[in-house]
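Next up is a structure, given as structure tokens.
Chain nomenclature is as follows: A, B, C and D, assigned in order of appearance, with residue numbering initiated at 1 for each chain independently.
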Amino acid sequence: MNPLNLLFLFADNFAFIVLSAVGLAVIFGMMGVINLGHGEFIMIGAYGTTLSANAGVPLPLAMVIGVLVTAVMGFVLERTIIRRLYDRLLDSMVATWAIGLILTQGVRIALGNSIPQISTPLGTIAYGEFSYSTYRVVLSVVALAVLAGLYVLFTRTEFGIRARATIQDPDTARALGVDTDRMYTSTFVIGSALAGLTGALYAPTLTVVPGMGSSFLVEAFVAVVIGGPSVLLGTTLSGGLLGVIDALFTNLYGTFFGQIAMLLTAIVVIRLLSNGLTGLVEDVRNRMEGE
Amino acid sequence: MCLYAISVSRMNDGRSGPSRRSFLATGGTVAGAALAGCLTGGGGSGGKDTVTLGILEDRSGNFALNGTPKYNASMLAIDELNDDGGILGKQIETFAPDPQSDNKRYQQLTRQAINEEQVDALWAGYSSATREAIRPIIDQNEQLYFYTTQYEGGVADSYTFCMGATARQQLGMVMPYLIDEFGTDIYTIAADYNFGQISADWVRVLANEHDANVIGEEFIPLSVSQFGSTINNIQDADPDFVMALLVGANHTSFWNQRTSAGLDLPFGTSTVMAQGYQHKRLDPPAMKGVYGGFNYMQEVPTDRNQDFVDRYYEKYPDAPYVNEECVNNYFSIKMYAQAAESVGSTNQEDIIAELEKGMDVSAPEGDISLQGKVHHMTHDMRVFRCDENHDIHVMEEHKIPEQFLSDTVGVNLRENDQTKQYVPADYFEAADATRE
Amino acid sequence: MGIGDTFDRLCRPFEGPNTIGNTRRFWIGFVVVVLALLGYPIGFGGYAASSAALYLLYAILGLSLSIIWGYTGILSFGQVVFFGIAGYSFALISMNLSSTLTTMLALPISVAVATIASLVLGYFMFYGEVRDVYVTILTLVVSIVMNTFMAQTAGSEWTVGSVALGGFNGIPAIPSLTFSVGDASVVLDGSSFYWFTLIALLVVYLGLRALVNGRFGYTMVATREDEDRTEMLGYDVRRIKLLVFGLGGALAGFAGVLYATWGNYVSPSVFGITFASIPVVWVAVGGRRSLLGAVVATVVIEWFRQQLSATGSQYAMVIVGAVLLLAILFVPEGVIPRLNVALLNVRDRSETTPDSPDGTPE
Amino acid sequence: MTATDTATDTDSTEESQTALDAAGRQSPPVAATGPGTDTLLQTSGLTKRFGGFTAIDNVDFSVDEGQLRCLIGPNGAGKSTLLKLITGRHDATSGAIYYDGEDIADLRPNDRVDLGIGMKFQVPSVFDELTAYENMRLSVQRTHGDDNLDEAILDGLKRIDLAERATTPAGELSHGQQGRLEIGMAAALEPDLLLLDEPVAGLSLEERREVADLVTELNGDGIAFIVIEHDIDFVAEIADEVTVLHGGQVFREGSIEDIRADDEVRRIYLGGE
């Protein structure tokens, strides 16, 4: 087994898991809302990008458009539907599921079963008898950049501090003059934009069809569930862990075992760590401070 | 394996009254007297003023991309027949719901088509899974059924007519060509479900027959859309060509990914392009060097085909492509009409007997014929090559009959009724090789 | 009033604050509806009955989620897991040992398999202190695992006895339920399958009514309302949740067997995310805290979806989605509880005379 | 565990740091509760850390049968944490909790309730959406068979003056009524020990009176109490014995008069307020 292959495969998996999960993780971690329409949000981002690129917009700009379209959609949905359901989190799952259903079929009706696809930019890296797509290497760098950007946003900015205050204690935050309504809207829009970004980034490598969202769901849910309460740390850790497991098992036994190994890992982690990987880290930190 | 024969015709008791079909008809062919209905038993309706065809094709859900052209082509055929005076002078009506790529829904709708709408013949389903889900219902009710997707082969069913090319016909066309052109080391990537597994079995059988070797084989779940390791594995194995038996939207992502990863090998396929017109949807050169063994692509360079393609786009100006299944639906409806005319009725038993005599069909792909004994078609098969500009070239062409059931298994549905699907693993050692 | 009193006494075990419909009027209506449903195949024939039977068996699946989610507060996406496991078990058992006796035995064995599966998963979750929404996501992940796993069992190595699991294609030609005593045997199909399913649904519904209005039902509700508080009353909430989950698994499994014999077919799509979401939709729309709501919503929604699909309209799924959204937004407590309140209000207004208030529990 | 009756000096923390049991918890030289003693509950070396913060620090604390002991101390002294350790809401970091001769530190909360420990939370936490009747039923059905269950529930409600509010959802009851309902429910479990966390916080004088009467009445029936309370007058009214916690440790124990007279206590607690 070529170690470079394994490294690329890991980086690729890491990027896919992190980018699949990050939008879902922000919305779930910050608001407690499980967005079952997450895959369809990604699909919208991919459509925005592909349609713009087909219309002659340069790819980077087309990706920005994809992100914006999804963010605007997230804003509208939050204002009209999601906000009515904050105190009914389980109902919000049903609502977002319905939104996903409408989006998939709506896109199908409006744009048909397929649209012309765009090709992957940036060419190839060749090494020995192997070669690898440069764009996919870029994707893993972008995944890290997204995590870093969110880290800065939520820990180093005024907005981030307000957002975290809102999550920890909405009543107190309100008493301190934080407009919690706006915080929720912003968080949902950020989550949507991240989903849109995922769609935009993967549009040149995947088949953009109305049902494409489902191919992100497994990774997204598994990563979120084993990540635990702390969104960024959790997503990073689960991207890392699942990425390694998937890369190893896929390389050793094939794609199917890669997937199954990942899912079984999820179940074991949930069973052993009730607060996910984040919880494990906190425990270790506590123990070290405590002793 | 005919457990479902235990309670044959169970659905025929307590039949419902007048049918409510016609207001759903799509072909614009409603003949006023539809409400007359009929209460006669048997697998169909003899004395109506109209002929009812059931067209169950997906226009939403996972298979909408493949189902929609099938639906469109069926409607085109029916319109043309109606314009020519229908079948036996009766106008054709349709029962054409949208099963939404959901097999449960297919089962419900198949029952409805047979028991409530009393269709005279049924066209239904894209995937093999769908076919297998509804075949027990078809057989219980002795319903004449046309399955029009190209498929893994092996279905010997007294009520089912398989109109698509089988894996053996398709692979038997393209593989010898690729072995001649590029060499004998083959790497197979196949969708990890029945169709892919059996097709991969056929790749091994055909490799064996042509002194070639399958040096690597990989089965990829339908849900996978990331192919980094697959591409590595292919590069590692360094074959002369790859047989790609990929299915569905997720797998379509393979082509962009292999191009951007610089995997520049010849690919053989029985699935890609002819069904999902990837060469139209993807930016060149994603499909460069892909060779398909098909009975039909829109690009078939004949006047007869051009005429058909023109008519199709006249009715569906926004349609993206005329695919392989599209043509199978089209000619099989025409073939059914031909059989009904020569029998002089729409009695299903009579039509099945008539079809089992064999029949020559003039199809958009060419002049082909029905092998009555096995309910399959002898197709006009071609090797299509996709170049770097995504133009399609026909490299070779000849007629290939269904061989597995007729020669290897020795099925004769004229004489023996059955409802079984045979698999190559039971007949070929090469197909039964233990897999990794 | 002798008959009336007897009637009331018969109804009493099924009445209480945890269910809708505790009046004599309700029960009379109930009996009328049940009689009408029993007569349905006679009026409309075997085909109609067989179509309707699917909705009825789905209603049992809906009820299994209603007690878990609505009454105990655990949102499970895993009901389809047990539904599917039982369906597959039934296929494997009945097809490997195809005699009428084994087909008969396959029913309880498959239900037992599903129950054990749910108890194992439940033990794993509830005794592992997996909480709240993580239960929801975990059950969803388990469904996806089952879906992924079963979908790749196409190879010939995945054969159990003489039956291939069939991968994505699933297992066709599963025998219908057959009951035999001595030489006489009854194959359940068409109308007889409908009657069997209807009576099963009736028994399950009444059984659950008795359960939720009894001792255990109160503890379920208490667990839903506040687990810590319930523990402080000395209840072992882990055990309560496990038992309810097991009961839900058994009911879902029972529905799964009926499903496998209804279409004579089972495939991995029963574990898919779409099908996994559907029971949540039924229960949410019908009214989580109402057994009747779950049943009615299941039947109506499935009938509606089928009718929409039969029209061939491409808007079918959009309409389904929109109806759901509207229901969730504007009828949060569920359609049936809302109707119930509306009916009670209408009656209160029309009966301002000091009549016996027969609607109030306790 | 078999209990012996050689009661030890509960204040000598040095001595109790002898043996470590399998769980790493310190066990006292001898179990100090159970038949033959009148000590109902005894903690020994009980410690609870949250991360680096020690909320309860090596506390030895006991309650005798039928005793009404109040637990006071400034905010952050660890009073609620101690109650939560006793009920099992929190797991102890180390130390043992003996109840009626048995180490209960590993038992789940509900098992402790089964042994006879009842608890009323700081914030009234009745089941808001259930009626008072249903709330009471949840408690009464634990100890009562199906016969006359209805009457027993109504009796329970009468005892706390809520019979006429039986069909009211508990969430709609007044603060005081909710508090009474909660105590009534805990009492209906027929406990030997009841833990109350600030039972009269935020109540009117009249409601406070009712709670005091109820507690006194139940105490008269033989139920031992541990009551956390800030209101020293209320404490004076009901307490047999007072324990002052400070910084997670037992600071003083004694009668209310002694505590009131203690300058040190006044300094850390009474004076501090």
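Quick note on the criterion: a residue touches a chain if its C-beta (ideal position, glycine included) is under 8 Å from a C-beta of that chain, and two chains touch if they have at least 3 such contacts.
A quick note: this is a predicted structure, and the numbers were derived from the prediction, not measured.
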**OP:** Pick the chain whose C-alpha centre of mass, unweighted, sits closest to the average of all protein C-alpha coordinates shown.
**Re:** C
**OP:** Select, from B-C and A-C, the pair of chains that is joined by more C-beta pairs in contact.
**Re:** B-C
Original post:
What whole-number Å value describes the gap between the mean CA coordinates of subunit B and subunit D?
Top reply: 75
Original post:
Measuring from the mean C-alpha position of subunit A to the mean C-alpha position of subunit B, what distance in angstrom results?
Top reply: 38
Subject >> Inter-chain centre distance, subunit A versus subunit C - centres from mean C-alpha coordinates, in Å >> reply: 34
Subject >> subunit B residues counted as touching two or more neighbouring chains >> reply: 60, 192, 219, 221, 223
Subject >> Touching two or more other chains - residues of subunit C >> reply: 148, 152, 314, 316-317
Original post:
Where does subunit D touch two or more other chains at once, residue-wise?
Top reply: none
Original post:
Where on subunit D is subunit C touching in the complex?
Top reply: 87, 89, 108-111, 113-114, 118-119, 121, 125-131, 133-134, 137-139, 141-142, 146, 166-167, 185-186, 189
**OP:** Please give the residue numbers of subunit B that touch subunit A in the complex, ascending.
**Re:** 60-62, 64-65, 68, 192, 218-221, 223-226, 228-230, 232, 235-236, 238, 249-250, 252-253, 256-257, 259-263, 276, 280-284, 286, 318, 320, 436
Subject >> Interfacial residue positions of subunit C with respect to subunit A in the complex >> reply: 69, 75, 124-125, 128-131, 133-134, 136-138, 140-142, 144-145, 148-149, 152, 273, 277, 280-281, 284, 314-318, 320-322, 324-325, 328-329, 332
Original post:
For subunit B, which residues are in contact with subunit C within the complex?
Top reply: 1-4, 6-7, 10-11, 13-16, 24, 26, 59-60, 96-100, 102-105, 107-109, 111-112, 115-116, 127-129, 132-133, 135-137, 192-194, 196-197, 219, 221-223, 423, 425, 432, 435
Subject >> Residues of subunit C touching subunit D in the complex >> reply: 17, 215, 218-219, 221-222, 225-226, 228-238, 360-362
